[in-house]
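One chain, subunit A, links the two complexes that follow: it is found with subunit B in the first and with subunit C in the second.
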Partner chain A sequence: MSSPSGNIVSLSGVAKSYGAVRALVGVDLLVDAGECLGLVGHNGAGKSTLMNVLAGTLVPDRGSIVVSGGDRTANYKVSLAHDLGIRCVFQELSLCPNLTVAENARIFHPNLKGWGWRGRAGRMIIGKLDEIFPNHGIADDDVVGDLSIGKRQMVEIARAFTVTDEPLHLVILDEPTSSLDAVTAQQLLTFMRKVVGEGRSCILISHLLGEILGYSDRIVVMRDGAVVAEKPAGAFDRNSLVAAMGDVADEDKIEAHERIEKARGETPVVVRACPQTAGNGRELIAHKGEIVGLAGLAGHGQTRMLLQIYDAVGKRTASTDVAGPVSLVAGDRQTDGIFHLWSIGQNVTVRSLRSMVRGLLIDPAREKAQAEEWKDRIKIKTPDMANNILSLSGGNQQKALFARALGSDAEIVLMDDPMRGVDIGTKLEVYDLIRQEAEEGRTFLWYTTEMDELHNCDHVYVFRNGRIVAELSRSELTEEKVLQSSFEESAAS
Partner chain B sequence: MTGNLAGILRKLGDKPWIWSYLGMILIWLATVTYTMGQGGGSIISAALSFATFTVIVGIGQMFVITTGPGNVDLSIPATIALSGAICMKVMDGSNAMLPVGVLIALGTGIAVGAFNYMLIRVLRIPPIIATLSASFLILSTAIAYGRGLKIKPPPLLADFTTMKIAGIPLLAVFIIVFAILASILLNRTLYGRSVLAIGQNMRAAWLAGINVERIRYATYTLSAILAGFCGLLLAGFSGGASLDMGSEYLLASIAVVVIGGTSVAGGKSNIPGIWGASLFMFLLVTMLNTFGASAGIRLIMTGLIIVAVITVAGGDKQQR
Partner chain C sequence: MKNYLLSPKFMRSALPGVSLAILLMAIFYTQPRAMSYFGLNLMLQYTVPIALATIAQMFILTVNDLDLSIGPFVGLTACIGATLLQTDPVFGVMALLACIAAYAGLGALIHWRNLPSIVVTLGMSFVWLGIAVLILPTPGGTAPAWIKAIMGFKVTFQLFGYNVVPPFPVFAAAIIAIVVHLGLMRSSYGVVLRGAGGNPRAISRAGWSMLKIKMTMFALAGLFGVLAGLSLIGLTSAADAHIADRYTLYSIAGVILGGGEFVGGRVSPAGAVIGAMTLTLAGSFLIFLRISPDWQVGAQGGILILVLALRALINWREAR
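Let's turn to the complex of A and B:
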């Protein structure tokens, strides 16, 4: 087949099935040189599968792959993709946790060898990090496993843009901003435009429609394993994009979600915690039935605060008081959430097994009942809850973790930036569920890096360097105030 | 038709323990063919008798290995020796003291388990080193207590451990029932589920509300208690305790777990496989004996065959 000279990549008729689940039903995709292609769609629409095919990590059942005008369908694999200048930043991070930042950079570049390779690799990766994320605070000899998920994501992104002697034509960014806060996300997107301006191409996958609309040249919408719309970015607005994805939700519905402010302090205090790292006397307080937001830049002590609360259950500590059982929705699902050998159902019910014991044994009927109940309530996209958890897309795995926490007896639910990789339709459903549960007396502590989500909260605490630096009620909450407190050097206390 | 066959093969692939039973049958057939049908029944009877002890400690080892990479109990042989020595000494051949002996086996296990776990948890020593160094201390205790060694077991215990009904050892029947109970413990109780969860991801298990430390403590204690009982029964079976009667169970307890289809990476275990693998190991030695192999050849062959079986059957692609 002939391809116009401007094409970097041309996929046609790509199909892939996992058993009975058809992840891709025959997809055509063109990427031109010097363009940013935005790719959107629901969880499980096939975006990540398609990108895995393009990156060479998955072999499609059918279809052809043409790169830079040459047909590469036969024996297309990761190393070939890399040689042809295609790089991928995956949603599930692919760095080796036991190696340092410099050593991870070296894995990509086998020609960095001989004396001093570690130093050269370190300078290369840190240079790229400086270029994309000024003031990133990462050193080349940091061990990756010790970095927060946000910083790991930054290293992963920077590594994809490093060049030694092989070409770099196309970088696939699969949910690159899901673990980044607003400021670093902005830095990345600005850098991405600069790279595109230099004639390279990017594919940007994101559930934040603002990023897609604002930073891509052309938008491809996927649904149920197929491309359903493809237009220049200017031809879409938020509503038409949401409609193309198959959502009924729109801006009006998002507005309607915001709730009326309740008077604080009418219900008893269920959580009182003071960050252990630094004492400026500010405490986090949550009343029964409240949704409390933990805001600020990523990795400024919010996760540590949640773990401190989680760990304090049933103990008496000076800094933390928790009344009632607690459950946690992990954001870093691979390390903190998923049991990879188990079925979806077992992953959902693990937190509630205690209530399913009859006599001495776990009652399988009750276990199945809970799994099925949550499959419907949170719409986990699977033919069978007995399938392995890894058969789900990332967003659906996250839904299973929500089901685990919400299905349990916990009165207090801690959420550690849990919406990573979750599409907008699901988010709205989960917001509804959270509100409903809060009205019934559950308390939510919600760490999020997305500004929009803070509007669901009754009360917001802003964190910086492990401390609480500001406290905003619902009516006071603005993006400006949150950002101002996140950066301010002297805390206005 | 082919779909059907593929389905069956996939089902078999899901049950890695099938290989140990298959190997067991093949080896038995080879042996019986060699002897031209002579003694086939008595070989099975002997295999059941001896495999029973491997199964007891193998089940304990399996729970420990299931709690995740790095977890292994190397103090099993020492615990067998200590429990056997103390039990024989205290019971002093008297049937009336048998309940006391049972309590001692139990107590030895609880003490060893607590000591092992204290090393692992409080002193933060890796389990492999903690249980190995603990086993030196345990064995030294057994040696210091060694005066119990030439004492005959109570007749009731000796009869119980050696009794056969229609060629089937009574003890084996008990341990088959015990294996079924252990399987229920693993799959249908909070404890078992917690062990499986911890083995896959300790941090996620903690964040899912599982008391990780209590479960690990219980698991090391369970393994030590089973080793304690194995010591008591083995002393009864072989007419008295000896200090090295546990030594062959160091490799055996780990080998039967792995050959039986339990994942060394943790989180996935298999109890039927332990029985199959234990019988396989005994029949293997019997076959080599029957073929008239010398002790050296026998050891080499045993080692090679274990490695081969683990490579073929123990390979689990899902392991990370």
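Let's turn to the complex of A and C:
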């Protein structure tokens, strides 16, 4: 199938605009057979748009698409891309929550039909899951909506690699590891290298620069809808990559920023919570003005802990004590975070409407003022806060959610791994903002799967199987210790 | 095994059947004579048209739409069945096919213009009613003999040497449930149709045509609406434009009672048929209790709320 030149895909001059926003301004992209292409850039740099064009879900305004040596620009669409062996794992999950794992595999393969299709689909998807993520713990008749977000992402990834009778040449992975913990992410990346070794190609999009540098052959950097740098992976290092993306701040700043370590316990306790499934008597305590990290592998009770705290506001329960108003920054922003039909401004101000009431009605001027204030403070990339929230890129939607929490009267902010799929520049801005707010007396409870983020915390609790298994102060915190506590049990057995 | 029986998943799927069983027991307790072939036949006779209309509504709900015109639509097809189909079968069949095509067209319109289905179908309900009144201005007409023959069919079969005679409505309801279950829940294209309710974007990203899916679902709803109308005149042997006005709400209530949800493509054909049966039996039960007809609609609403409250309780237990 592949052409003599070895190109799987060649895009040239691809451009796409949404109204006045130019998402792509003429991009050329080549992918060779047996190559892993790393694609990096800021939120809103156009990576996802470009991948949607390649996957056939978006029609570009201009430009040509050549696949395996044949020009396919005219009537290029999803089914054609699929027939040509191009698959895409999208950043927002594209599984149907009401269907089982096997049925979701069937959705992906039009020719999986006829007698016994259910069994074939189930064996195919479970086989692939076994191959990529050993011990995944997913059954083919599990309903997807009942799975955790990490498991859903595993299903979606495995599904993209399943093959019936059409070819498989190129798999696009858009932020594949954002909801995976360190171990499963490692499994995926190892599997991806194996697939690439077999002569297939991958495009890897990630904000974790370590993944990009360690696992791709060639790196393409995008900024403002254009490709700004393209070199073999060996020619980049962390700093030059960040520089190419246009970040002034380099990542070392995270480490460099030393907070004056406060003696724990000088300020009053604002949250005291004991995991409901516990049994070891350990409880989580947060003092006013602290940033408390909730660490461990994904899905080990951290989110449940945050929700338990959230539910306990204003009530007296045996296991949980919360002093002060709380707000939550959701991690699964499509489901728990944004109001899809509302404007950016409305999404930002919804948590604070009570303070904007004049008489019986909401004062539109104050509502608008708050939206504008946060547009500048957190740098939401939009011409107008009255635009629909979905006009923003994923990272900017997340910024709006931060603005919602930080703009409110909440003294305690719960964060449910909110930085999934957010680029490094935005992260650094938000980290600064969080530290600033903490110094002013706000308390943050921060569940994160990324080690870098834990370094921002004053105190870290490690979760395993719904329990707190370790407690680390800022000076004790190392990646080894966190990993060790996360795995203790499996290492012992 | 015990764990499985107590799991919220099992309890949720068992709830429609359990509510039906409890209602039946209550009926047999208050009126033991209902526990006979004749009694069941009489109590359940309107199950078939209501179940068919409920299935029609279920197809629409599967793709996150709502049909507020199914009642008048069933009325219209009943009028066509009692007049045109009787006098000129070819023309009558063509008219019924045109009704199904109109439904498919509605699906296309709703998808293409991204219209709210509630508004479109609410408008269409007056159109259907208007056409029905034009066809049959006063109650009357005659149902074709073959439809009456089908609805009066007596099923018998041998089981362990005994002659078993299940009440026809029960037999027909089981057939409807099995056929739709196989088509929508087990077949490979049925999965795509349900997926379209769960995550339309994922379905179109996988290369399926949402337009085709919506048209298929609306056409299926039209087909089952036609079947509901015809089975109804098979029982009443005459028609009236307003004969099925109440079916709109019955059908929605039936789907929800049967475990379906308004959005997200979570539906159950067997549950919907059981839900329709529960609703018809609830009517009889209230008559046995000598509750005046004025209160019946309200009392049916009470039963509905009770079952939904139980479901909410199960969901709440699961969430904990």
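Note that the second predicted complex is superposed on the first by the 481 of 493 C-alpha atoms of A that agree within 3 Å, B and C clash if a C-alpha of one lies under 4 Å from a C-alpha of the other, contacts with A are read in each partner's own complex, and residues count from 1 in each chain.
The criterion applied here is as follows: a contact is a pair of C-beta atoms (placed from the backbone, for glycine too) under 8 Å apart; a residue touches a chain by one contact, two chains touch by 3 or more.
Everything quoted here is computed from the prediction, not taken from an experiment.
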Three-chain arrangement built on subunit A, subunit B and subunit C clash or fit: clash
First, second, both or neither for A:Ser408, with subunit B first and subunit C second: first
Touched partner set for A:Gly114, first subunit B, second subunit C, both or neither: second
Contacts of A:Ala318 with subunit B and subunit C, given as first, second, both or neither: neither
Which superposed partner A:Ala365 touches (first subunit B, second subunit C, both, neither): neither
Subunit B versus subunit C as contact partner of A:Lys77, first or second or both or neither: second
Subunit B versus subunit C as contact partner of A:Trp342, first or second or both or neither: first
Which superposed partner A:Ala330 touches (first subunit B, second subunit C, both, neither): first
Of the stretches 115-123, 151-159 or 223-231 belonging to subunit C, the one that collides with subunit B: 115-123
On subunit A, positions contacted by subunit B and by subunit C: none
Touching residues (chain side subunit C, partner subunit A) in the complex: 186, 188-189, 191-192, 194-195, 197-199, 201-208, 264-266
Residue ranges of subunit A touching subunit B (in the complex, touch as defined): 310, 327-328, 330, 335-342, 350-351, 353-354, 357, 360-362, 364, 404, 408
Subunit A residues within the subunit C interface of the complex: 55-57, 77-79, 82, 88, 90, 93-99, 103-104, 106-108, 110, 112-114, 117-118, 145
Subunit B residues within the subunit A interface of the complex: 184, 188-190, 193, 196-197, 200-201, 203-205, 207-210, 263, 267-268, 318, 320
